[in-house]
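These notes are about the structure you will find just below.
Chain nomenclature is as follows: A, B, C and D, assigned in order of appearance, with residue numbering initiated at 1 for each chain independently.
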Amino acid sequence: MISLVNHPFDPAETLRDFTAEASDAGAIVSFTGQVRPTAKSGPVSCLHLQAYSPLTENGMRAAVETARRRWPISAVRVIHRIGDMAPGEAIVFVATASAHRRAAFEAADFLMDYLKTEAVFWKKETGPAGAAWIEPRAEDYEDRARWALSGDN
Amino acid sequence: MISLVNHPFDPAETLRDFTAEASDAGAIVSFTGQVRPTAKSGPVSCLHLQAYSPLTENGMRAAVETARRRWPISAVRVIHRIGDMAPGEAIVFVATASAHRRAAFEAADFLMDYLKTEAVFWKKETGPAGAAWIEPRAEDYEDRARWALSGDN
Amino acid sequence: MARLHFLGRLVDVTGHPSETVDLPAALTDTSSLRQWLDDRGAQDGAFLDPTVRVAINDELVIEPAAIANSDEIAFLPPVGGG
Amino acid sequence: MARLHFLGRLVDVTGHPSETVDLPAALTDTSSLRQWLDDRGAQDGAFLDPTVRVAINDELVIEPAAIANSDEIAFLPPVGGG
């Protein structure tokens, strides 16, 4: 259901496997997040993501359980890269399957919100000026404040 | 950008091509709609979709243009089956790419709303009791009423 | 000669998806054409149904709309079922 | 012996991702541990930053929280950057 992987993975193959498994669902939504070649700070040659097991996995599993409680999804798949990755490589893949198009969209959207704002990952970008850890901007703090004490948001 | 196809297609391969083309985008959302093995009327052995060219294509192109005006999407792909298809086969595939996760989600959602409620397709389901054309339910009429006279909704 | 197209359930009503027909001179708009088609095939109002829209030469029209004997005229039941 | 983990930018601050250390008996909670770590390495308040959260034995804690010399204690800067 959830995986952390420290090597490149193929979102298209993952969608193929997921679709085969969810062939009765009717509606399948996927999200693929890729390393962008430029960030706020300028060009990025390498992105490093660090997890802290088992907190990272526990948080992801809790988010998936919340999604399953809120929406009638018949299958869900989350893959997240850790370690070093190059521009264009997939960082994250989320797929949801449901009999209902809206449920599949909303559950995928919810999981991506979790993964982008609350999931337990630290991010380091390497560019021409060297490497820097990236932390949330001021406007992200309000969202982020929820993660420690709330199991269901 | 949009295609009507009268043969099975592979959503995973389509996502692979789209992702390669949109490798700078950061965020890629896909929706795959599959023929469900059961409908309101019972089991479905065959789904038939009829288009009327060029109205069907013109409507799809207009919806894509509307999505491009509303959201900063860098690429979009829509494939829709016509003709006869079997349960489990893909009916529709929509992919959107953007630097912004929310734009990619919303544009894909918008396009699917268009394709499900306003696009110019007629649908016939074949089951144990024979074949029947399926038309919108009462609650679909309000949405559908927009399609003829409004180019931008 | 006009070219007529019957979409969705209208294919089953007429038994064919399209036909080429020499329209009587009295048929000057979509309203008289609908009545003529319905009467011709004893089609129980299938062509009078206001949820059936008409496209002339690939454009949806607001009815009643003028027709010519050279037009391509399509009858479109409601789309987007279920 | 306690096991300490330093995540994100704290890896750069300490120069290593984790260490095994015999905690002085005077360190009974996360508050005194933070001060001790900061003083020990002259780390300019990196460990006093309230946005750095603490997990003990794989659970996030509300601070100050009691610690034992056998605990696994992780220091977690804000997550979910940009």
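In the analysis below, a contact is a pair of C-beta atoms (placed from the backbone, for glycine too) under 8 Å apart; a residue touches a chain by one contact, two chains touch by 3 or more.
Just so you know, these numbers come straight off a predicted model, no measurement behind them.
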Chains in contact with subunit A and also with subunit C, listed by label, are B
Rounded to the nearest Å, the gap separating the Cα centres of subunit A and subunit B is 25
How big is the gap, in whole Å, between where the Cα atoms of subunit A centre and where those of subunit D centre?
27
Just give me the whole-number Å value for how far the CA centre of subunit C lies from that of subunit D.
77
Listed in rising order, subunit B residues that touch 2 or more other chains are 116
Per-residue multi-chain contacts in subunit D, two or more chains:
none
Set of all touching chain pairs, with the criterion as stated earlier
A-B, A-D, B-C
Residues of subunit D touching subunit A in their complex?
5, 7-9, 11-12, 51, 53, 55, 58, 60, 62, 74, 76-82
Inside the complex, what are the residues of subunit A that reach subunit B?
10-13, 15-16, 19, 23-34, 36-37, 87-88, 90, 99, 101, 104-105, 108-109, 112, 116
Touching subunit C in the complex: which residues of subunit B?
39-40, 50, 52, 54-55, 58, 116-124, 133-137, 140-141, 143-144, 147-149
